[in-house]
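Remarks on the structure that follows.
For reference, chains read A, B, C and D in written order, and residue numbers begin at 1 within each chain.
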């Protein structure tokens, strides 16, 4: 069975939800602790949302230095699929695994709402189950999700098809070019602000559209 | 360091200087209260003892004005009502058995004054405090809520207070990873200068894991863990509940300190996880949160709830400010701290868990034996500071034997005129255009418009168990993922109704909360409350209070559900003008499978029939219509009929169990018009309403008669559902159909209003005021 | 035109969780010798020469800082 | 012991919504003559005399600021 590591930092909040989503997709979740010095043989890693270390200083700035992140950065370099959701996305940007940064929402408020996204990249390790252009409904909930990068970086991301998804029917945070998520050069590392783990069951979320990301991962691990 | 700072008042010193002047008045104590302390101790108190007594004997901690009335809750709770109650009034929070081996604990608390002074931090630390109360019961906090009240929406100060309060609640709750599943936002003139920030928390645990705050077992260690202790909120508690609000000076000649605390939600999140690990490993004998009154409260309550004896080495307390005096350490309200009693052999394991979470933990004392004589006098709490005794008191006299007042009560002479001022003569909308304009005016009014501006700042998804939250009538969370068992909660209070009739107004708050829980398909089980009132020294306010307590207690007895806890906040007034009496009532219900919850929005199936349950009478006293359109408050509130509420609840639960009902929304402020429009907007579907023949459209649309709900029933279930209603004596009226094609809400023969227009009216108000 | 700087800091007696978080992180990252960190806000204002000190004082105390929990310092830099 | 100040500001080309919100609020509160506001962070560190400038530089660039979006200035004040 595909083993997916789910990291818990002090202040991580959505780890239990990611664990639930991973199991729901048919993979085996493995809890990883911020102080761990190895990845316990997992095939992929999810860095969940929350407020690691209180998000003091800058979101993700302190978490990026945790021992487990050293392992994640190294494994990602060798092609291990890594997904950063929300605070996890912020941590991956701070770690340099993904380009750009996430700054304060344009409206200056924390925003929790159901958000439509358009999936653009369907070749990454986390998005192969989606049709290009598919619109999915997934919650966003963050105060600093405004994606920012230099114009060259943005142009490059678009040219290389590395925009994972964009916000449609309204941009909740002012993100440049409506970017909700991006993909690394090798297509293995993905970061996004919306929470697919909160859209795996219409009982507790707005849809089950998010499950596709975890199913995609399983496909990609089986393939490699 | 000044000489004053370094001076420490000891018991020896107190004995030697019996006539020394003490600033008891500045600390909020009255002459006779000070005399009583001297009598208990047989000498004058030390500074530290005086700080302890003053803070613990404050209105906020001792309930000295409310105690005689609150007893009525106990007197009216029958054994049968208690059957599901595992802990009740007197514990940190009430606990009820919800089945499948699960227990749920819940409580509302006020943080009104601090939130006026510093809205963001005041509200944030309010959330922090209630969450620790829940943890002290051994439970995992699973959801929060926030009943809020502010001055007029367009008042300048509301622009300062509301956004700060909302960001404070959001920030703290969001960082803790607790879904916010409900609350209230109410505006009224009387809350200007006295905003009400009540915070609610729900926790869950296995029945066998219930922890009560006891310090028994001689030799057991007392461990303080969590944040370090600083100068925050020194004397805050006595200031909070005293009329001299704002000018408390702490002893020791220190410069005036802010009476606010700054919270660190990250520290609290870590503390939650740490506590849960400690509970899981069974390392805790007793546990108590540190809230108002800090260590004074925690040590005296733990000691008096146990065998009565405790010894504390106060210099062991980790401090974050320099030169703190014993009195300051004992009264500090630094946040994110807990106190545990641990058997000696488990101390190392306890410390190891704290180390894993990087939580500071320190043994500060131990449980000691008391002589029979000491036990009879209230036990012994003995606190030293570098070897000198600074506190030596019977803890029961601190924690439980504070003054009790039987304050004068008098029905205000103005009450009759208020009740006589009925709304009958107010100009009513008659023409179709007038009715249409009134529907839109009410829809956009601050008390009825969409709360999304507020609730979008709260995480409602975290933990993945939220099955219903705003804008539904009640918040529902799954407790057990295997069985789907869950709880629903709602808080309500219409202060205008309570103002017109405090006894029935409190019952009406209970009725609405009960209804909100049952329209979601849950069975109401238990009640909590937060009594927000003006000054208890005003006999008219005390009349309101005593009436409201009686109304709520009698109502609970009638419904057969117990009050398991609550909170009282007095002195919410500006000058002579008190707030609307606001007994916020929270009802908790249980639903055996959350998958069958009933949503509020129409449209799960096209062409559902809309049925109005209950009877509509002409009841407009205290109504939203009178308030919004005429600025009028007078007459009698709607009649309350709890038997009818109970029947309505049973019908809804049966409808949910048998899959007969696809949506339900209760009728409350704003009446039928508001309910229909909300359910259409939430469900994003059109609907056609036919007003029953021979009725006055204005009354049908805007009356606020109670025990009513609007339900959507699939056509295939209509016969079965209405037969059930008829058989059980539930009044029902077929009142319309859901029509997805229509794109509007049509009140037949009067007006049809497009959904877009309704949405703009409903959603535009708060953003226009606060963005 | 002048540039005015306003630094806003949490009052000494008030908890500063942000500063503490940084202080705790430093040794973990291998930096030693930093005994305390406090974190506040730094504002840079482009100000007309007509704006006097009293006005700046008012702006700092009423908008840029919260006097209940914060102190501020104003500097004109050019 | 020395006190070291690090001011971290959003890069000029980066949108600064917080600063803009302040700038917009000023005229509403009756303050005129302020043409631009930018908001950043202000750190005060108590630093051992042994900590050299290169180390401070590293702390500021690797932890206190994010070079993608922020610039910083270090000052020793005592």
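In this section, a residue touches a chain if its C-beta (ideal position, glycine included) is under 8 Å from a C-beta of that chain, and two chains touch if they have at least 3 such contacts.
Predicted model, so just to flag it, every value in this text is computed and none were measured.
Touching both chain A and chain D, which chains are there?
C
Which pair wins on C-beta contacts, B-C or A-B?
Most C-beta pairs in contact, of the two: A-B.
Would you kindly tell me how far, in whole Å, the mean C-alpha position of chain B lies from that of chain A?
Once rounded, the distance between the two centres reads 36 Å.
Based only on mean CA positions, could you tell me how far chain B sits from chain D in angstrom?
About 40 Å, centre to centre.
Would you kindly tell me how far, in whole Å, the mean C-alpha position of chain D lies from that of chain C?
Going by mean C-alpha positions, chain C sits 9 Å from chain D.
Taking each residue of chain A in turn, which ones touch at least two of the other chains?
In chain A, residues 53-54, 56-57, 62, 65, 107 touch at least two other chains, as defined above.
Can you tell me which residues of chain D touch two or more of the remaining chains?
63-64
Give me the residues of chain B that touch two or more other chains.
264, 266-267
Each pair of chains that touch: what are they?
Contact pairs between chains: A-B, A-C, A-D, B-C, C-D.
Which residues of chain A touch chain B in their complex?
10-11, 13-14, 16-17, 20, 50-51, 53-56, 107, 109-113, 139, 141, 143, 195, 197-198, 203-205
Where on chain B does chain A make contact in their complex?
Against chain A, the touching part of chain B is residues 167, 170-171, 174-177, 264-267, 269-270, 273, 357-358, 455-467, 478, 594-595, 771.
Going by the contact rule set out above, which residues of chain C touch chain A in the complex?
On the chain C side, the touching residues are 17-18, 20-22, 25, 28-29, 39.
Quick check: in the complex, which residue numbers of chain C touch chain D?
Within the complex, chain C contacts chain D at residues 1, 7-9, 19, 22, 25-26, 29, 31-48, 50-51, 55, 58-59, 62-64.
Touching residues of chain A toward chain C in the complex: what are they?
That would be residues 53-54, 56-57, 62, 65 of chain A.
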